[in-house]
Amino acid sequence: MKALNTKTPYFFIAPALLLLGLFSLFPIVVALVISFTDISLESLGDWSSIRFVGLENYLEVFKDPIFMKSLFNTLFYVIIGVPLVIICSLAIALLINFGKARIFRAFRVIFYMPSITNVVAVAVVWSYLYNPQLGLFNYVLNFLHLPSVPWLTDPTMSKVSLIALAVWRGVGVNMIIFLAALQGIPKTYYEAAQLDGATNWKQLTKITIPLLRYAIFFVSITTMIGWLQFFEEPLVMTKGGPLDSTTSVALFIYRNGFQLSNFGYAAAGSFILFIAIIVITLLQFRLQKKEVDY
Amino acid sequence: METMKLNSVKAKPQRKSSVKARRTNRMQQWITGIILALGGFLISIPFIWMILSAFKPEMEVMQIPPTFLPKEFTLENFVNLFENMNFTIYLRNTIIVVLCSFVGLFLNAMAGYAFAKYKFKGREKLFYLVLATMMIPGQVTMIPVYLILNQLHLTNTMAGIVLPGLVGAFSIFLFRQFMSTIPDELLEAARLDGASEFRLFLQIILPISKPILAVQGILTFIAGWNSFLWPLIIANDENLYTLSVGLSLLKGQYGGNFALQMAGSTFMVVPIVIIFMLFQKHIIEGYTISGMK
Amino acid sequence: MKNWLPKLNKKLMVGSLAGTLLLTGALTGCSSGSSSSGKTVINVWGMGEEAKSLPKIAEAFEKENPKIDVKVQAIPWETAHDKLLTAVAAKKGPDVVQMGTTWIPEFGSANALLDLKPYVKKYPELDPVNYYEGSVETTKYKDQTVGVPWYIDTRVLFYRTDLLKKAGFNEAPKTWEELSTAAKKLSERGDNKYGISLDTKEQSLGFMFARQNGAELLDSKGKPHFNDPKFVEAVDYLNSFFKNGSAPKDSGLDIVQGFRGDGILPMFISGPWMVKLINDQAPDLKGKWATAVLPKKENNLSSLGGSNLSVFKYTKQKDASLKFLSFMSKPETQLKWMNMTNSLPAAKKAWEDKSLKEDNFYTTFGEQMKESKPMPVIKQWEPIAQAYLSSFEKIYRGKTTAKKEMDAFNKKSEELLNK
């Protein structure tokens, strides 16, 4: 890569960065300042009454047992959910890409449908599926002479149920990203491999997966960030219950900060989450660099 | 450009396979199809249910156990929907938002390209800054953003609705990832021909990136089509509401109106499916440029 | 195929061009505050579906006041709070705003609502004497009156007359004891059948039962008494329904879903909005259900809610806004509003109207109105009520006893109140 006119790249990024700076980065700085104050609805109308309280919000958040619980829950969601989403969306994309008949085009639309289903419809249908007595899942289980499962009422099971729901919703977007990435792999590679008599499995592990690395990297970073902000599913399905066992950090922030207008407290919680996300993302970048290096 | 054409010709399948291999291949095709069909059916049940429910009367939607096909077919929900909404205005606003978000898409592509293909001072740091913007929960920054827009006198204007979401880290990042696989030789060749950098971007980079542009086009369309928060916060006038804001007005304080909501979502989803079908063709019609490596 | 992108580019350019054109049009078109015809424009924010009927009422107002133009903006319930927050932060918003009764202390403390006291003389409709005492309480913040009651709601008992009859009860339970017996008996109809649905996410339920047992929530100094034996007894009473299987801990059912058909949940406590929901979602139930005032212990106090109308403090159209408020408070307007939206009028005088007196459903609510009190109007109430919900969850899930948990809850409430 030659160094050309040194101004060119800045010209390309300037519009996007200006907008991001004004509407994302600067507000983040403002939010950081807010996290050191006791700002609430009262002082929102009268800024002179805002007090700086230093680290008090942060200390208090860490003392809050529900916050600690929500941290644990969020980790639980991320550790199980993120790999599941990546594996499922990659598998579906590979299967769809493998097919040659016209019908496989339709599958692209079908597997994308959960992502565009209205959240109210999602809540109604899944509440029915998970209903302890009348739900379809337990009906099927009982039909097979298996005991009912407390889908949304057991502390651990409810987390798993929400993960299943979120995986269902999250597969579509990643799938089309993988599909697009699969197009970048030249068919000649496969032809050469087939001439060498390589099995499908070999082609997959030796050609496809390595060449998809940059897409997998993208999907894993964005999925990780998304799941660390896990929010909508518990809000719609369980409101964080039973006994706060499905409350995520983002839901905690929403509830304590925005329903109760303790903006300082909410901002402090958000920045703890923010820092956690940054650390995890940087780790991912490091790991990727190592992989590329060898 | 010549080289690319050459390559796409080379990429045409010239397979020599035995009859046996062809047969096992067929089997595998069928199995894949069946697996996908089964999975696809299960996965789309809620979606189908949503559409079918739009044609049920309110009392049937909430029935337990739910009915799948409407027992009593009705178009009343749709009639209600159109009577209830300021349809033309909401549609106009939504289309404006969608068009503007495609301008944003272009800006994202430019930024993603620069991060992928140029070396410049501060590249890494600036890129991390971009990524950081997607790591903070949106609600924390909502009030600051509103105050900024208020300072700029953009509240209650279309510009105020569109600007906060015009560019996004997700999209820039996605463009960067995909464009970094474009071989440098291609760019060098064009540069030797004397193409300006911007022309290079328009005439070589964008056409090559067709699959990812199609993906981003779909995502951008959906985001713009469903835009909800800023139209609501910024507008002090229902003349600036979008379709999704109008739809969420159908919800009463204590729930209810399920059938009407289903009709609304069904209506909203139709253009998305159409756009998806139009764009998805291009996802798989990429140029086989990586073959040059 | 290769031309696809250049084509898209052209489209993009055309699109962006059209976008900018429309954008500038929108920019210049919709930002002006007062209309060109010299009329005064007032902006009214109403919430949810109900607000869609507001323009019709506003028309009548405009006819009476040809110089005033009312612009109604309907805001979805789920984001109304956010929208109000940004308005307060920017000190720029509506002229008149609908305020849920529970929001009054919050936005009152933010100094966002105009004190109406000085204007009562000029606009007699705003005088608190026109309204039920309970709803007047919800318009007060400190020594100010920051709103005028608009529509009200109170909770009553909904029950399936046919199922209760079958179980041997010819009328609705009148006391706590009768409620327990009836619920128990109804739950014995079979597997997956219950007697009553007690909404464990409903903030006011526990406090309401405590009041019925004669407990005082906050004393005159504002100190909480949530571990008072009477309060604990009420919590124990509620818990007994979960313990003996009369009420489900997690039914996963929408309230109408449980109420209809076989009546998995044949009784529940809720407000007037349920009347319409039942009629819409379960029209087959007609004649098989009724409402009754709440069962009594020492009293049968219910929880009062609803919405008030307030004038936004930063308005520039104070007079026109107040005029609109007093128009909305007239008994005739309120009756008209009731006919459009099924919400109950707040003006006492409206209740003397025939249409309210002769309708069975409304008479129950009218009667219960006399025995209704709002939850304490303090800004810490929301966090207290949420803390109560999580405490009560620990109790009905059997993690702890009512006595112990209420001690802890009372302590937490004291902390919240001292903040």
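Order as written gives the chain letters A, B and C; numbering starts at 1 within each chain.
In this section, a residue touches a chain if its C-beta (ideal position, glycine included) is under 8 Å from a C-beta of that chain, and two chains touch if they have at least 3 such contacts.
The chain lineup, named per UniProt: A, B = Multiple sugar transport system permease protein; C = Multiple sugar transport system substrate-binding protein.
Just so you know, these numbers come straight off a predicted model, no measurement behind them.
With chains reduced to the mean position of their C-alpha atoms, the one farthest from chain B is C.
By count of C-beta pairs in contact, A-B exceeds the other of the chain pairs A-B and B-C.
Taking each chain's centre as the average of its CA atoms, chain B and chain C sit 38 Å apart. Note on chain placement: the centre of chain A and the centre of chain B lie 17 Å apart, centres being C-alpha means. The residues of chain B that reach two or more other chains are 61-62, 64, 143, 258, 285, listed in rising order.
For chain A, residues touching at least two other chains, in rising order: 44, 131, 134, 258. Multi-chain contact residues of chain C, defined as those touching 2 or more other chains: 82, 85, 89, 253. Residues of chain B that touch chain A in their complex: 10-11, 13-17, 28-29, 32-33, 35-37, 39-40, 43-47, 49-50, 53, 61-62, 64-66, 107-108, 110-111, 113-115, 117-120, 123, 126, 129-137, 139-141, 143-145, 148, 163-164, 166-167, 169-170, 172-174, 177-178, 180-181, 184, 188, 191, 197, 201, 211-212, 214-215, 218-219, 222, 258, 261-262, 264-265, 268-269, 272-273, 276-277, 280-281, 283-286, 288-291. Those residues of chain A that touch chain C in the shared complex are 41-42, 44-46, 66, 127, 130-135, 152-153, 239, 241-244, 255, 258-261. Listed in rising order, the residues of chain A touching chain B in the complex are 1-6, 8-10, 12-13, 15-17, 19-20, 22-28, 30-31, 34, 44, 92, 95-96, 98-101, 103-105, 107-114, 116-118, 120-122, 124-126, 128, 131, 134, 136, 168, 171, 173, 176-177, 179-181, 183-188, 191, 194-195, 200, 211, 214-215, 217-218, 221-222, 225, 229, 231, 250, 253-254, 257-258, 263, 266-267, 270-271, 273-274, 277-278, 281.
Here chain C touches chain A in the complex through residues 81-82, 85, 88-89, 91, 106-107, 109-112, 192, 201, 249-253, 379, 382-383, 386, 390, 393-394, 397, 399, going by the rule given at the top. Interface residues of chain B facing chain C in the complex, by the touch rule stated above, are 58-59, 61-64, 84, 96, 99-100, 102-103, 106, 142-143, 146-147, 150, 155-159, 162, 202-203, 206-207, 210, 213, 229, 232-233, 235-240, 245, 248-258, 282, 285.
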